[in-house]
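Each of the next two complexes has chain A plus one more chain, namely chain B in the first and chain C in the second.
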Partner chain A sequence: MKRTKAPHARKSAGNAPARFKVGDRVRVKDLPNMFYSRTQMYARGVSGTIAACTYQDLIPEDEAFNQEGRLEQYYIVRFRQKDLWEEYPSEKDTLQTEFPDRWLEPA
Partner chain B sequence: MSQRSELRQQYEIIGSLQPAIHTPQNWNYEIPSALYRAYMHPPHDVGGQRDVPVHYEEKEEEQWELNTYVTCEVLAWRGVWNAEERRRRADNDLGYTLYLGMPYYGRWIWAAARMLVDKNHISLTELLEKIAEVKSRYEAH
Partner chain C sequence: MQTTHQHAGGGHEHKAAPTVEEITDFEVLEIAVRELAIEHGLFTAEDHRRFTEWAESIGPAAGSRLVAKAWTDPAFKARLLADGTAACKEIGIDWAEPTGFGTPSDYMNFRVLEDTPTLHHVIVCTLCSCYPRPLLGMSPEWYRSTNYRRRLVRWPREVLAEFGLILPPEVEIRVEDSNQKCRFIVLPVRPSGTENWTEEQLAAIVTRDCMIGVALPRPGRTADVHPVHKARHPVHSSPSMRAAE
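== the complex of A and B ==
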């Protein structure tokens, strides 16, 4: 059988350094959607706080197409529910979700 | 499609699967930006969409579902694809109608079959002939 492509997305040795630390304010980038993403529409353009630096991995948009790439730091970002949904009834509730470095910018 | 009446019925079902926008979509020359963004929206990004309360059901896997899971994991273990590619294919590439309409593991096995054809591990003709062969074997019993 013809094999046209290396099946595994290879993880190259060089790692992109983590730009953020716990407590930093960050905003989720609003890149266009096309073909694949794991960055939720409701979080795009919204600011939150880094709650944890989790692990390093490829970004989903590359790995999903078996692209080689540098490992990037993943972060758990905490948002105020009120910032995500204007009509949300409580000021205190938060929502946490995870993004790779590339999807975040300093807020 | 053995009966012509079945063919008509099949067209009725296909027609009813069209997206709920219920505006005629006949290969438009122009579409508004908001509609374009909606078309490009990944089907699995369901957060924030309105829905009615759903009955929670504790359902055990059936044998075909376990077989599907193992098949997909073995394909990953052997390096034929990775989990993110599986999600891209099974949650995204199949489109809204299949994403919302198929059982969970139905999407997995659809994605595995599509991937094996895309990467030339099997040909579509081989796959179709095999499905037809298995189907006729079941129908004989």
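== the complex of A and C ==
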């Protein structure tokens, strides 16, 4: 059985430099959905803090259709629940989720 | 099973309604691709069955061992928090299996979320059902339900309370929505009353739900003990039974 390396296993150093570092404040862009996205609506337009720089990988928008595509740095972003849901009752609680570079901008 | 009652001619006629099996477009697609692959000799039906049998037989035992080792070995815990995927190999779990690069849903970016007395993690995948399968096996039915997925991110305290886990307001709840390629488990706080326990004893109380974050480990509560709720009015203590004795 012929096996090709999975796209997510390919590492391309230097191809997608990390624009952000842990602790940076970022805002999730509210871009139009072109065919496919893994950026949840609840996070669009909301600001949070980079909690981790995770890995470089294909962006979902390309990977959904192609084996080849653009590689980007991914980040885990930490949000205050209160910033995601206005009526959230606790100041303390948080939520983390992950985004490729293109979905984030400095806040 | 649904039945229909028809009151005609004084008699009761019970008709069993057929169970309708729903199948999604994605299931149809999976069957079509699988049958094509078998026809073209990429693998056999037997290969497919064996893989399914193996994949579905993985349980949460490896995750329990991982947590128990982290509780007893601070150096291992440090390695685990620094590089989860690499540390898993120390307990015999290789995220690259069985293809050499994981599976299309078990990517090789594993991270451990460490709880503290003032921070509690809980995992969800709002987009689908991303789950640390090499460590915990297949996800429970409720984890994949839209109910859990859409409500946990928004009302985590209420959803945890439905699992019987009520956390005080001074504990920060951190929801981890694993909707890209990182996979997570929760490393709970080692409960008191487990001092001098062996790794094996500790692993027994780290049940699946503790590693998802909807429960806390507790001495005496293990996955292998079938929970039986005592009947309030057991049949053998009814007055008629007592009279017959």
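Quick note on the criterion: the second predicted complex is superposed on the first by the 90 of 107 C-alpha atoms of A that agree within 3 Å, B and C clash if a C-alpha of one lies under 4 Å from a C-alpha of the other, contacts with A are read in each partner's own complex, and residues count from 1 in each chain.
Here is the rule we use: a residue touches a chain if its C-beta (ideal position, glycine included) is under 8 Å from a C-beta of that chain, and two chains touch if they have at least 3 such contacts.
All figures in this text were calculated on a predicted structure; none of them were measured in a lab.
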item	value
Contacts of A:Tyr42 with chain B and chain C, given as first, second, both or neither	both
Chain B versus chain C as contact partner of A:Asn66, first or second or both or neither	first
In the superposition, chain B vs chain C on chain A residues touched	C
First (chain B), second (chain C), both or neither touched by A:Met34	first
Chain C-contacting residues of chain A that also contact chain B	1, 3, 5, 8-9, 40, 42, 60, 85
Residue ranges of chain B touching chain A (in the complex, touch as defined)	37, 40-42, 45, 47-48, 79-82, 84-85, 87-88, 92, 119-122
For the chain A and chain C complex, residues of the former touching the latter	1, 3, 5-6, 8-9, 38, 40, 42, 52, 54-55, 57, 60, 74, 76, 78, 81, 84-85, 88, 90, 92-100
Chain C residues within the chain A interface of the complex	42-43, 99-102, 104, 107-109, 111, 126-127, 153-154, 156-157, 169-170, 172-182
Touching residues on chain A, where the partner in the complex is chain B	1-5, 7-9, 32-37, 40-42, 58, 60, 63-66, 85
